[in-house]
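Note that chain A is present in both complexes that follow, paired respectively with chain B and with chain C.
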Partner chain A sequence: MSIALAAMTSLLSSLAPPLSAVPTGALSIATLGTATILVLFVLSLGTVALGAIGAHRRSERLIEGAVQGTYASFGLAAFASSLIIYAFLSGDYSIQYVQHTSDAAMPLFYKITAFWGGLDGSLLFWVLLHTLFGSLAVRANRMRHRELIPHVVAVLATITCFFVGLLLFIKDPFSQFLLEVPTQGKGLNPLLQNLYMIIHPPSLYLGYVSLAVPYAFGMAALFTGQVDAAWQRSVRRWVLFSWMFLTFGLILGGLWAYEELGWGGYWAWDPVENAGLLPWFTATAFLHSVMIQERRGMMKAWNLVLIIISFLLTIVGTFMTRSGVVQSVHAFGSDPVLAWTFGGFMLVIVLVSFGLLIWRLPLLRSRGELESVMSREFAFLVNNWLFLICAIFVLTATMWPTFTEWRMILAERYPDWMAWQDPGERVVIGPPFFNQYMRPLGLALLLLTGIGPLLAWRKTSTASLVRQFAGPLAFGVGCTVLPWQLGIDSPWGLACFGLCGFTFWTIVQEFYRGIALRRKQRPQNVLEALISLVLRARRRYGGYIVHLGVVLMFLGWAGNAYKLEKKVQLRPGEEYTLGAYTIRHEGLHATEDWQKEMITADLSVLKGGEVKDVLRPARWWYYQLPDQPTTEVSRYMTPGEDVYVSMQEVDMTSGWTQLSLYINPLVNWIWIGMAVMLAGALVCAGTRKSEGAVDDA
Partner chain B sequence: MMRDPRMRVVLLAGGALVTAVVVLAILIVGFGARLDAPTISLAAVAAALVYALGQLYAMVWALSRPDQVAQVGQAAGSFTQAELRDEKRRLLRAIKELEFDFGMGKLSKGDFDTVIATYRLRAIEVMRALEGGATLHPELAKLLAERDLARNTPPVVEMPVETNAAPEASARPRGPLDDTTRICGGCSGTNEADARFCKFCGVPMKKLDGTSVAPVQTPATGEIGGAP
Partner chain C sequence: MALPVTTKIVLALAVSGIAVYMISAGGSEGVLEYIYVDKFVDEMPRYAGRIVKVHGTVVPGTVQQRIGAAGDYTFEVEKDGRRLPVHYTNMVPDTFAEGGEVVLTGELKDGRFESEEMAAKCPSKYEEQASADPTKPPGKR
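Up next, the complex of A and B:
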């Protein structure tokens, strides 16, 4: 309390300086912020101790203290975050982080979001979200799962401790300039001053950070030995929300790359993108396998493994992004101290989690057994293996260049030991390598998406197999043959179209038969039957809607096989024809605002001699970073394809404009697919009350 | 000061909000600040501080309370009732799903009959273990007895290992095992609090709500799944 009072007095004494915008003296926002982080660190340590001792002594008092400690740590994190936002808004450039990531000319909105624009602030943002989710999860479950709560609190507070420790000892966002306080900020990287970038990182963060909650519940279940389905009921919804945020963040990241970077694509298997994808794979696997445990009491240990790995991968992802061990366009830069700290933390997680798991293995025996290979359980099992293979492959391929680099360093340092082998060079693994392996894996998963729903739980009769598969197979074959007849010859593209058709028809058939069955049971019209069907079995039909989104996304990816691209130089008045479209250069114009200079080209898009749209790609030079011009893409969107133009070089005197032209077929279905997926996930999440009714019905 | 937790949240949030408004007023009236983003954010800082201090106070207050034994630390593996209820829910859902899948034509009649018979029997067994023989509806008991007679042996059903402890729990005289149980107005069978239909006579419980279905409260001291 005395520390808190000190904090209060220091805030009161700091009230006056902020009004004059540049705080000086010992009690500044920076000092207060650092002090808050210190208090938060001590509080988290105390919460860990209270939770652990409270559980051990069965002391209601200590446990309640630990629970309140969790809430209080959110309060302190919110206070520290509000301080740094205040520093941004008032332009307190005595704080290094504020000076590095903002300037006075930035719009208000970007000033606020600069909070998570850099490394130090993003760690504080992490702590804020983590404590928020921790508080929400504890509040929601403390009555239902009393016996798990002290352990959950202790695990969550340990994670808070780690991240607050990072803030306190390595990356203090409130650290000040000791000598000369600059009067101007450096400004946020212009690439990050974009609407997607405001939503995309927090969305990924929400997914990342919220995975700590299921992990904490899993660990608590292992600690207490209560490894029945109870812990999962608390976390299933969390994982679903994490999954939604991860999906949203990943695809928004793709959309950002597509609109902002100007290379005509949306996914380049960049290490940081992969870092977001890894926990997505395992979370998706968990969402499927948890159904087997719920229905059959099987795969208890496996589900815990998936939760542990998902959480671990979020830490691996953070490590990859922030330590500089991998080279990437959007890594935060190299930092060996951070790398070792994260490495140590990951090691502790692995040892403790899997140690506990092995200790509790006798309790995790399976209740049921597979009755038939032709069952949905088995399809889920294969699905789980494939997702895990995807995760392992992507992780290995992402880290491989780093491994080769380490080998080189070792060979340099210990030439005698390593003489037996050729150290080689730093290997670069590019998108083609990933695509080569991920394409078949993705298509196999799409196939399973189609097959799974056709199989019944437990056992599918051979006779009904024919009845189930006939329609989808016929439609799938049709979807392969038709594009082939239309002159499309890429085998991968054709396979993808066929599988999309197959899976699509499965979903339609499931809905159709479900509605028919329901109408047979009670008099309802089609719409009523559809709604009641979805509401009665939210998770089943919500899942099908998610699958429909997956099909649409695959359709978009299939279009990638028929992409056209060309780099051209045009002068005003000239034309270039690419595919069915003609691009005509109408002229250039230069403009400027208070932040940047802009050169914009006007390009008409013609199809069949008719002007469809006028595209305006541009180059922007920010005054803050004149040597890093940004590329502003312009595109003409249709359901069938995108005409996508970015400007590479421009010469205002002669009018020569170097343009990259792309025709990306079907690409917009990816974004539509995402929307459908999220809608389906929302149906799955549903409301607790009605779900309880279905469960018990 | 034992307040309702929800009340505490409302008080804290309200206090923080009031602080924000007061600080904003002081800044504008007292210091002549303009109503712009920095000023508003300073008010938000003050609100966050009040919230954090309130939570810290709640923590200190919780630690200053007299202690009592918490309902934690059960030995591993002793989760009979919760586990049984899970098993029951799983079996009932499995039966429902099987019926649905059969209706959709995914199972042949023969397969459906074999598989669903096993699940029905297991569901009955689990319910018996949950309620104890005493609370079985007479009709159902008769049916089971007939089934047993017909086979000349009790139904051999693979039961979960954990259910071994169930008879101890059910050895108590017919009494509520859960937090709340409801008695069906139609047949006096004991049902779970959240049951929508009586599992003995099939009468919808919801319609009887408030009239003949009386919630029965258990003493709050009971641990989950057995005696403390």
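Up next, the complex of A and C:
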């Protein structure tokens, strides 16, 4: 479609001159783009009004108008997006944004994705996705939930207004150079020109933006007072969908850091990474607690709180990463206007959402009550607390440096007020601090992953406890003792192995018992029984598959407990032994292509005297950024470990090469775990409506 | 039937106990003061003997590397005219460049900032890019 639109655009611009009042004599893409955004803004305002008035007067006509307005705003957002893509493709460097993030030498693919490569464009991309999701959600639910729809439309359009307003008044992606128009683009940073960077931000974005839909439904439920399970049924799959994209985006970001940055790790608790993690915590909590509401009619208010917080955290995350409020190694321009605007928007969300919630509290009373701590409800409750604690902890620790900075600024401006305390210093909070607290929290969550599904609803009997826990406990103990015997002495590592074993066995046990039962009922082979088992209760077994992925990821993290790292200098012919591997320097060679010059080292990886692989780490000097050579990592991957090499410095004349060597045990299980989690989530997402009753039995 | 009161009390005690333990035992490893070079230079005695983070711009022309050693650099960082000599012994990140902003972790020893940990401003898509000067030759060999 965008090609068709682009073609239309080019047609328009060729027809334009006689119509135009622009001094340059042509209706430029930029003018058309800004005009489209203006129309979109007015349209969204109209949609809010139609939805709100339509709901108030119960007027079908007004409501239908609001629904059509939602679709139309997607159309306009798509048109504006195709205009900017067209500007990238045609190299229209009169537009500042295009000039900043692309150049003529960039491959076609990167030119298209440069659309979301910078702040202004990424906001437009946000609007595009938001209006798309809004249209899809409204289309899917407009018959089923007629009462809710006008409110949903109004809330979604209000959010559209905010972001389109940002585009219009603060960050117009179509703004032009006023005086001299450059003839060349600056190009996109080479570090960002790779496949992960193309998939990872939009994936996080999809997760982020789609969380607005559940929020709109939650708000509509509060407005109308229809706070029973109806709104959730429409929302549960949306949250699952958001959750999948968040998970995918987060882990892909880790994989990018691991493969591109060359420091041997994948997660550093950087504010930008944390911003993506925050809504993930609360969305995960929601996906669990929503089951309690379905089964027991409990936690109605709590589920709404989680939905509100998840959406709020997407805005907080955007605020943290885009406004320059939080110091980060990812350099963002500091932008006070944007910061205040976002701050105001967040305040409005908090006041309106929680105000409505408090107003509707009488309707949100639980039907059921917690009967025993040995129940699945209680396990879910603890799971929710832990996820919320994770979110609060990460948010506070991420924002803490900013708070200390504000304290200093206040002390400078109002010395009298602040005299009672020492203004102190700015502080920064590094990965060790996060790890200290998140490690036990993570392991507690892993333990619950194992325990929860084994407990019955309401109350678990002692006999059932023994039957359920004996096997997993024994296996867990075995998984702790074995690595200990093999010489691993980190208590965290051992605890992680043990809990992985415990949880793994609970999952195996569930599948084993389910399959055995089915085969008793009818003659089937194991595979048939497995497939029919999963298909009959997709949410339950899909959930177990997700849990299996979680176990595999924790296994990958456990490997951290005994990773090895060493910085060495080698000349050709020399070798170095790290752990079970020997690295031998075979030589250097220099090559170049049209974008860059490259120096590559050939390194043989030997294990037991046998050459396993030849690694080729490199340094690349892009002509575009000659001062910042990039490090190209090379690794030898096995299920047990990665041999990971990056080249830090190299001297062609003497052959002297400075290398960072890492042996990262089990690290690949993190990516495998991600794939398993996503597969499980897909199984869950495929739930048919008729299945609801038999699930989670 | 709801949970008995004793169970609730035990739960509350357990939760607060764990929280108190975690906060007291966890400590504050990884929490460091973060100071800009100008302030650091002005109040140098105050920071002596403490591990801190210092943020400044690498002064062009001051970077020297000892070839043959595993990442051994000396350079100066600067803010508002105050300069601080740095001795850095580790690999430098890809984004380290003269004139670029760095955050160094380390401590003051004999008037020189000794550091083994550096974060150089990471390229982000959401950044106005430093324009590359096409007249400069490609990086060092």
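Following the convention adopted for this analysis, the second predicted complex is superposed on the first by the 660 of 697 C-alpha atoms of A that agree within 3 Å, B and C clash if a C-alpha of one lies under 4 Å from a C-alpha of the other, contacts with A are read in each partner's own complex, and residues count from 1 in each chain.
We take it that contacts are C-beta pairs under 8 Å (C-beta built on N, C-alpha and C of every residue); 3 or more make two chains touch, one makes a residue touch a chain.
All values derive from a computational prediction rather than experimental measurement.
The superposed arrangement places chain B and chain C next to each other on chain A without a clash. When the two structures are aligned on the shared chain, A:G118 is found in touch with chain C, with no touch to chain B.
In the superposition on chain A, contact is made by A:F79 with chain B only, not with chain C. Once chain A of one complex is fitted onto chain A of the other, the partner contacts of A:S461 are limited to chain B, with no touch recorded for chain C.
Applying the stated contact rule after C-alpha superposition, one finds that A:E649 touches chain C and leaves chain B untouched. Legend: residue contacts after superposition of the two complexes on their common chain; A:S59 is shown touching chain B, with no touch to chain C. When the two structures are aligned on the shared chain, A:G69 is found in touch with chain B, with no touch to chain C. Judged by the touch definition given at the top, the superposed model places A:Q624 against chain C, while chain B stays out of reach.
With chain A as the corner point and C-alpha centres for all three chains, the angle toward chain B and chain C works out to 160 degrees, nearest 10.
Superposition on the common chain A brings chain B within a closest Cα-Cα distance of 12 Å of chain C. Taken together, the two complexes place residues 371 of chain A in contact with chain B and also with chain C.
By the touch criterion given at the top, residues 1, 4, 7-8, 11, 15-16, 18-19, 21, 43, 50, 54-56, 58-65, 67-69, 71-72, 74-76, 78-79, 81-83, 85-86, 89-90, 108, 111, 139, 146-147, 149-150, 224-226, 228-230, 294-297, 360, 363, 367, 371, 454-461, 463-464, 467-468, 510, 513-514, 517, 520, 537, 692-693, 695-697 of chain A touch chain B in their complex. By the touch criterion stated above, chain C contacts chain A in their complex at residues 1-3, 7, 11, 22, 26-35, 53, 65, 67-68, 70-71, 90-95, 97-98, 101, 103, 119-129, 131-132, 134, 136-139, 141.
For chain B in complex with chain A, the residues that touch the partner chain are 5, 27, 31, 33, 37-38, 41-42, 44-49, 51-63, 65-77, 79, 82-83, 86-87, 89-90, 93-94, 96-98, 100-101, 103-108, 110-111, 115, 160, 192, 194-196, 224. Looking at the complex, you find that chain A touches chain C at residues 100-101, 116-119, 122, 186-189, 191-192, 197, 201, 261-263, 272, 321-322, 327-333, 369-373, 401, 425-437, 440, 567-569, 597, 621, 623-631, 648-649, 651-654, 656, 658, 660.
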